Every structure is written in structure tokens, then in C-alpha cells.
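What follows is a single structure, and I will ask about it in a moment.
Here the chain labels run A, B, C and D in written order, and each chain numbers its own residues starting at 1.
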């Protein structure tokens, strides 16, 4: 809120119908002739990978693209983009609560007096810890799968998979997280908060295409088709050890990209995955007149087949001014899960 | 069992008291002068990193070591070492069962008639999937944390942390998985099954130091201090889509390394992490006279501070004869968890 | 199986089309002029209680009927009809597994070092136990609610409530267990095993109307409209402390009533609730030609609005030859739950 | 708070050291010569039932006492003393959250395409609902078991059972709810709010022995040894459909009995079980100088072996001025559970 007087007003003027066309050309110059599987400028990705496809834009990865991104990691530095999750952690209220519960413990095993381990075979009294987790598959650092969101009365998700056919009791039967391949790609940080000269974006701030351009210019970074684009709002400055400051996090968590910006990144720049340091990537609430309460999710996941990253911790990268790196993330391999959760994506430099 | 006639009998003859001393010298030649933080030949690692340390041998990683390992990944190939987990998956019976449960669903959200989303702001009827998981933190592809196992009447784990002080209700308060740093290191596959010329090792087969040497010789591979060593028994040939063949998996899952082999890998070769394609790494049951029902766990986790990897899928690496690569794994970042679970470690080549 | 040679063969001969008609008359004589709300001989109950009704035949209870049943309890004896449930207990495989997990414990509270309780205000170091349960709402001693079962492509349950309208994410929105009133009624035990002169009925034994009559005659008992009818197979002789003998329980658990018997009890005798000492009341598998894999459930719950009781422990009543008593049961009051579970119905005498 | 001006000030004057002695005599007159197993005036109950006992004061129930209490139920009226529990319900923050989750559903079973039910044997397409519950054993209407609370550094509960011996991983191994017998006893409502002429007691109001006497006098009721005593604060006027008004409930929920009152009821009047319409029975916070943050729990459960009832819904009884009745409650039969939960105790009149 206090930062709003610093808004770079002229940038907003670009938000006209003709603006995309102009940028189109400039972007083309930036990105040269880099060819990438599937993507078309002005169109993005979409349902182009075959009627059984569950992978979406991540199909664009090749040995060549991965090898190229790994060349960005020459120093052996690793940035951990995950945040620590506990029972107290802030999350979107539409998900279930979480508990990490000591299931087996050295004391309990002793009291239980059970025959799992014969005492005679265990003179050192070796015992074990094991936890039962009651946890939601959409908490802490996440990659949203392409089945996370449905649209329309037929309740379809990416590639037309419908709830009546593929919405099982044990999670979803198409586009679960098992179908998300390991992601190894060029990552680019867009430090929007820094470009706006604030510690963190104010509540409900909608990140515009002009904000993207301002960050690219400030950082002297160029986007390339196939990039993993990481958007920094600064919200996770307030995560602390486990995200228990719900009031503060909730305030800034409402900043995020607009639908125009999602389209700009995908259709003009070829973003393969878009992530941010908030729980939902997009500005909340959706602007009046949106066709959905979460139009960016609907556009990226359902229409474009572009995965979304959430709650990526970008503070260390921003502090060290690391804007280009090799992004590596492999989601939990759980049948039916709709999102990778409690992840640690890595930025290798 | 049926494979036992193929056992390479002479190898067993090496298992004498004098054998280690001889190997010591040979290993020294193999590994040259490579210095690595903390490790001493003949001793291994241990409680050497300070009284508050929760990291163990993984402290040996440096920018230099990581950069070196990343140079092994020149082709952009990625091997996914994770197995898919479902409610039906085989697991150790000492852990809790698992359910992936559709928590929010497009149909249920409609019937629930709740006010989370105002219908007027959602003309596209965008809805969402979210799953509640009841899951154990020690299932599917795992990295055991250093607090997984306790020993003695004071119920202590690595570095002397005691249950009475640090065994909380919400998991453990020292050496939880949050404290496990991202692992980027040279990985080496030891294909023991191939060295023994079997599809998979027979039930209860104890992998000896001689088996390790035979595999190294067959592969023409050399171990280096700081390696992630992956031991292939072939058990996961039977995982299928989600590990529902409990009888077959249970049979071969009982093959694994002996305590001698664990000591050989750590004290003579400097293994920083030892993993296999079984649920428990070590041969089961423990040999008669062991001081624990799981002596390898006690030795590696409690005494040496060496993490254990379990249920790593090594079939693709074995098929392609990839024995040296960059191993990358980042465990779930969950406070109190004793192990990373449902992981996808990556072998980059 | 071994008991099958003892079957009272002539009883089976009664199972002809004309048999019901004959019994109709006899039953009418037995029951005299007892009027009860809603029930019609030859028809039973059904969707007669109004379009919003969620209670079904239990609407028949009145102050008068309850007072009458309480008069059966003159001695102050209480029979506990519940069985003990644990993580090991036998259950139908279509339900989720169960864990009782020590959530808060004196030791864990100490280690957790949390501020819930100020040590200065707690010199006696009072601490507490609290368990987290992961449990299914259809385990151990149960009363099935009227929304437990759906039929047809519109997935409707009792009174025409449809899944699309009332099948929420948090259980069902019509006919959940909150809508089941406390049950206080005359209870009658039908000891079928005793009537057949066996310890327990053999596997897959279908209890016929003639078996019912034989038991009534042997016991010199008469049924009245509005009764809670308890059918003893003897299966729970094998429950032990917590039902861990799955093989033995699974064998006899398959005995139960046929659809003819359900109709006989409801349409000729006015049973208000039918319970047994098995997990599913009805014979399993359903006879060839049934229109459902569980035709008795479909008939009682969906069509007649008659609740079903399961896993009622009837051994003590049978031993003491108590055939008529006051049955009292009040199910858990959980919104959305489809069944009362881990109950202790009482037989007061 | 607003009600505090109505406090009956003179009552407080009775709270002197000499008051108990005077009341002692009066109480003796009230209760006549009624003998009851185990109880001694001035002492109460205690660890008197044998070193293995897990039942406590409920041992006092006999066929005779139950038959006597059942004679109070002549009209066939049933009062349901349970409150409805949902995921939104108010609870003590030291317990785990709750979810009722649709585990199997007609639509999900169809999408899952599984072989549990052969479609050919199920032409009516009968399907089922089953819920998975993640729930705490100390929520909604409860009976606290005698192992709920521990005291001292040896962490012992009733009868000296110690955590090191009996505190298992799967709940407690002594005094779990399986050991709580069905309760059938004379119940007496003490409407303290009515006696104080308020709708509900103000926050943090400590109910004194004089309040008890004032209620007895107003109601013209007499207590007898072996009674279930129900204390009404009026808090549950605000429960509504499922207790989602946490602010309002939290305010009044802090009213409750003092330790003096607990002692008065047990030692002078022979209460066998004390319950109220709050989550914790006792005034919160405990008065300065208490030896525990919950001294009434420690006294009743640990020292006296008297069970505690919580969140009993007393509004209907109060409205109808029913002060004496037959109380019937049978807790869930779950091994290891420390409390009965989501119960429906009944008041039969």
C-alpha cells in the first residue's frame, strides 16, 4: 500500500490494444531465431501434442534444451527455492489442513510391546521414527499439474479430459503429477518488486506486461522460448521459518500477474512454465469482468497446457542478482496427485 | 534362490579379516589424492561436524564438488530414479498406510453450494481439484534422514540427539528433512545383479565387499570420496506401475548390503550417501550375531552420519550402462519429517 | 462349510412363490392389532414421509413406542453390542484403512517446548494425551445411513436425493448420520446359528425366511412392527480383542440374509431396522440374477428407508438366551458421515 | 461480561474455609442413607478399585443402580445431548483439525473403472458412499477417559499408569475408551445460568459450590451418590448447526467449575461423572496459585478416577425444566482412544 505512490505510471499507458503488436516485434528481435518444439509466437502452446497428451508445454524439453540449460551452471552454486512447511504454514483456505504426526517413536515402540522386532535380535535396542502425514497436495512450494483446474459444465481440464471420465476417488486419472517429467530448463528471475523499487508488492497489485518489460530492462535479461519464468513479488520475505505470519503473508500474497501478462509471457515470449513467490501466481481478486475467479489458472493450465509454479522462494536469487540459471525440479511421484507440493526446486548457477 | 547356483564362489573367499587391509591399499591407488572435507580413510565420517550439526557427511559438498559433478552431465539426458506411489504400493510394514483422496472436486464443489467462490464472478464455472493425502514419510523413493533411527536406552540418534530432548509430537526437532541440503554430487551405479549375472538378486542375498569390487571391475568404474553410491539388486524390475505385486517385491526386497559392505564403502571409499533399489538397503534379516535388527541403518545413520537412499529406480541406468553421472536430489521440505519420500532423484548425463 | 451337513433341509422347501401368502396370514395373527406409524403389511415402509424426509422408517418411533420398549428393561442389565476397533481390525476392503495415532503425548509436549502451557502456571507438569484418528465412517459396529448406497445412472439414494445435488466433498448433504435420531425400540434377537444347531453359519450361507421362522419358533419369540431385528450368524465368535483374524472372520462374514428375507422381515413383520453380526448383513456374493451386487442394501436403504446395523456383537445375548430387550443406539453426530461407526448399541434388560 | 452486574454477590461470601464443614452436614441430610460402592463422604473415590483397574468411579454402577435410573424414564421422551460436528466446529486448539472427506463416491467409483464390482453382476449400477475421517478423539460431545491427563515427571495417569510403560504409538494401553463401560445412571442437570438469571455465564466465570447449592435450591433437586451431574453454563446456545461461531463460543466456553466445586461434588455429593456444556468443564484460566493449568482435570481424572463429560447439549433439558432423568452414554469402542467423541449421550425421561 505504502509503495503505491512509487508506481511507474507511464508504464500503464502501454496497456492498450496496440501495445502487444509493438512488443511482438521487439520480442522477436530479442529472441532471435531460437526454434522450440510446438510453440508459435502469437499463439503460445495449447492442445497441440496429441489427444492423449498429459504433459503440455513441457513436451518442448529435449536433450539439447536441457544440455543448454545445464551450461548455465558453472560455479556449482545451488539455490534452494523451497520453503519449509509445518502445521502452522500459511496456505490457500480451499485446501485441507496439515499435520506431521509422530507415528512410530522409540518410546511408543517400547510401550507397544509388539513383536515387530525380536528383542533378542536387537541388543542395541535400535528403534525408529516414522511420521504419518495428513497433508494436502497443494501446499508450500508447488507445481500445479494440468488437471488442477476444470472449466465449464463438462468440467474438463487440459486437453479435454472430463471429470465424468477421469475424476476418480483417488485423485485424477489424467495429468496427475506422475505425468509431469523432471524439469531441467533455463530459468529466468523477473524481480518485479525490485523493478518497482519496493521491498514487496502491495496487496492486490496486478503485475502488467509493462512491469515485465521494466524488470527485463532493469536486469538486462532477455527471455527465450522454453524458459521457466520466475516472478518475484517479495511476499516470501515474510515466510520466516514456517510461514506462520498469516496476516502479513495473506496481505502480499494477493499480488500477482494479470491475464494479459500471462498471455504476454506465453504468446510473445514462449514461457514454458511460470512461477512466482505467492500461493496463486495471479492477482487476487481477479479484475472485474473476468470470466473466472482465477482466469490465469484457467488460461495457463486448461487452455495452454502450461504448468504453474507457486511459493517459489526467490529471495536469495534476488539478493545475489542471479537472473539466469538452470532450473531443476522433479515433483513427488504420487498417482492421482494434482500438484507437486513441499518441493525444493533448485536454481543451479 | 534359483539364482544361487550362479554365485561367484571365489569372491566369498575374500571375506576374511585380512581382506580389508589389502583392499585399503588398492583403493588408495584408485582414488589418488582427491581430498574431501571431513572424510578419513579407515574411519569414514562420524560426529565430526560440531555438536549442533544435523547434516552429517553431506557437509562435504562444496561449490567445487558440485561443479565437478555437473560436468558429468553433457548430453542433457535425464534419468528419473523415482517410482510411482499409490495406495497399493509395497512398503515396509512398520509404516502407516497411504491414501490419496479427492478432497475437492468439481462435482463436490457444486453440490457443496458453498460461498468460497461467488458464481457471478465465475461465469466459466472454473472449479478445482485438491487431494488430501494420508501418507507416511517413509514410502516409495526415499532419503532417510539422520534422525530416522535411534539406538540405546537413551534413544539417541546422529550426533547424540536424544528422544527426551528432541523427539516431538510433530516429528523430530533435530535432523528433520528440512536440514537435508539439496544433493548434487557424482553418482556411481554399482550393478551387482549384472555382476552376478542374474536378473535380480535372490531373496536374503547379502551383498559383500567382494561383490562391490566385482561390479567395479566389470564396469570399469572407480569410486571417489564424496560419491553417491547406488547399489542395484534388480528388485524394482517388479515395481510395475505402482508396486502392487507385494509377493514378488517382498521376495527380492530382502537382498541388500551387509554391515561389512557399508563399512567398506564408507571407510575405504568415502561414500557420502548409499542408496539402493530396495526398501531398506541392507540384507534382511540381519546376520546372526548382529547388534541390531538393522545394523547397516544404525551404522550409517547414527554412527557415521551418512544418509541412506531407498527404492531408487536403477533399471534405465543399468539398461543403458550408465555408471557415472550427476546425481541430483532435493527432499520434501517438511518440518519434522524423518525422511524424504515419493522422491524423484535425477541422474543427469 | 463343515457345518453344511447339518442344514435343516425341509426348511428350504418353503421357499416357493406361494409361501409368502401363507405366512402373511400367520404373521398377521402373531402381531395382533399393533398399529404403527407408516407401515403397511405387504408393502413395508418406502418413500412415504414427505419429499424432504431423511429419516425413513425411524419416523415410526414415538414417545409411546419408546416407553413401551423401556419397560423391557427391568433388571438393569446392560449388554454391550459393540466390538473393539483397532488398526488391525477386519473390515470390508472398499473402505479406507485406519490408524489411531498418538497426536499429543506427555513426552512430545515436553520436547516440543511450545508455549501452549506456561510452565510457571503448571508446577505439577500436567500434560495430556490426544489422538489423531484416520478412520473410515463404515468400520466396526455400524448403523448404515440412508445415503450409504446409490442406485441407477442418476445415482440417487433414499427419497430420490441425487449425487449431483447432494453428494458433497465433505460427505453427503442429505441423510447423513446427524439426521439419524437416537434409536430406542424393542429389540429382538433371531439366533439363526442356534436354530440351525451350528456354532456359526457356514461361508456364503443365505438366511431364508424359513430360517427366520425356525428361529422364532425355537425361541418362542414373536416379531412386532417397529422392531429392531438382530440376526445372529455367530461370526463374531471370532472377533477376539480386535478382529485381527481376517481369514476366519472373512469366511463366516459372507453368511447373511437373502433379499427374500429382507422383504419378509420388512413387508410381513414391519422390521424398522435390521442388524446382524456381520459386516454386510446380506449373503455374499449376491445370488445369480440379482439386479445388484448388494441387493439387500439397495432394497432396505434406498427403496424402503430402513437402516441397516452391522457387526453387532450378539454372543452375550445368545449365551444368556435374551431374545427380547430394549435396544438403544445413538450414532456419532458427524455432518456428512454416511454411517455410524465404532458404536456400542446397548441391549437393556 | 455484560451479565456480570447480575452476579449473586452474597454467594461468593460462602467461599471460606469453614464453608465445606457446614455444607457437609446439610448434604448428608439431603442424601439420606443411600449406600454406593466405593464412595466415602469427605474422600470421594480415588485409587480404590485394585491396581489393575481402568474404570474408576464407574465401577460403582450395578444392575440395581441402573434399574433404578431407568425407572426415571417413564414417558419415552429422549433428549439428545450431542452437538453436530463438522470441519468448521469450535474445539480446543491443542487437538488436531478435522476433515470428513468423501472417500468413495458414485461418480468416482465409475471413473476409477476398478474391478471391485463386476458390472455384469450389478445391472442397477448400485454404488456406495464411504468417508475417510481425519478426526481427533477429543472433539464435540466427549467423555474424557482416565488416561487423558498425566501429572508429574513420571507422567502418570489414573491408578499410577506411567507413560514409559503404557503410552503407546497407537494411543494409550491403559484406560482407553474400550475400558469405559456403558453408562446408565441417574442424571441431574444443574442449571447454573438459570440460577444466576443469565442466558449464559460470562467469560471466565468460576462456578462455586455456592452456585451449585443455589441451583439445587432453585430447582428443588437433590444430588445422590452415583449421579451423573450435568452443569449448564449456557455456552451451547451459540453452537448453531455446527459450532462455527468460534468467537462467541470461545468467549463463554471459558466459564466452568472451580477445583473447590469439583471437590464439593465428588467428596460431599458422590458425583460419579461430571459433565458440562463447555469444551473443558473447568473455569479457564485456572485461578492464580493452582498447581496445574487444568487443576480440575488433574483432580477428577488422575486423582479421583472420575470421568469428565464435555460439550453436552443441555438447552432442551433446561427449556423443559427436566432436572432428573436417566443418563445413557456408550462411547466409541476404539482401542487406544483417550476420549469418546462426537457422542450423543441421551437423557431419557
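Definition applied: a residue touches a chain if its C-beta (ideal position, glycine included) is under 8 Å from a C-beta of that chain, and two chains touch if they have at least 3 such contacts.
Predicted model only: the values in this text are computed from it and were never measured.
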What chains do chain A and chain B have as common neighbours? C, D
Can you spot which option in B-C, C-D or B-D is basically A-B again, with over half of the contact pairs the same by residue number? C-D
How big is the gap, in whole Å, between where the Cα atoms of chain A centre and where those of chain C centre? 49
Here the gap between chain C and chain D, centre to centre from mean Cα coordinates and rounded to Å, is 27
If I count partner chains per residue in chain D, which residues reach a count of at least 2? 96, 99, 101-105, 107-108, 132, 134, 163, 167-170
Which part of chain C faces chain B closely enough to touch in the complex? 96-97, 99, 101-105, 107-112, 134, 163-170, 173
Which chain C residues qualify as touching chain D in the complex? 62-68, 70, 73-78, 80, 82-87, 93-96, 99-107, 116-118, 121-138, 140-141, 147-153, 155, 163, 167-172, 178, 181-182, 184, 241-242, 285-286, 290-295, 297-298, 328, 330-338, 341-346, 348
Considering the complex alone, what residue numbers of chain D touch chain B? 99, 101-103, 105, 107-108, 132, 134
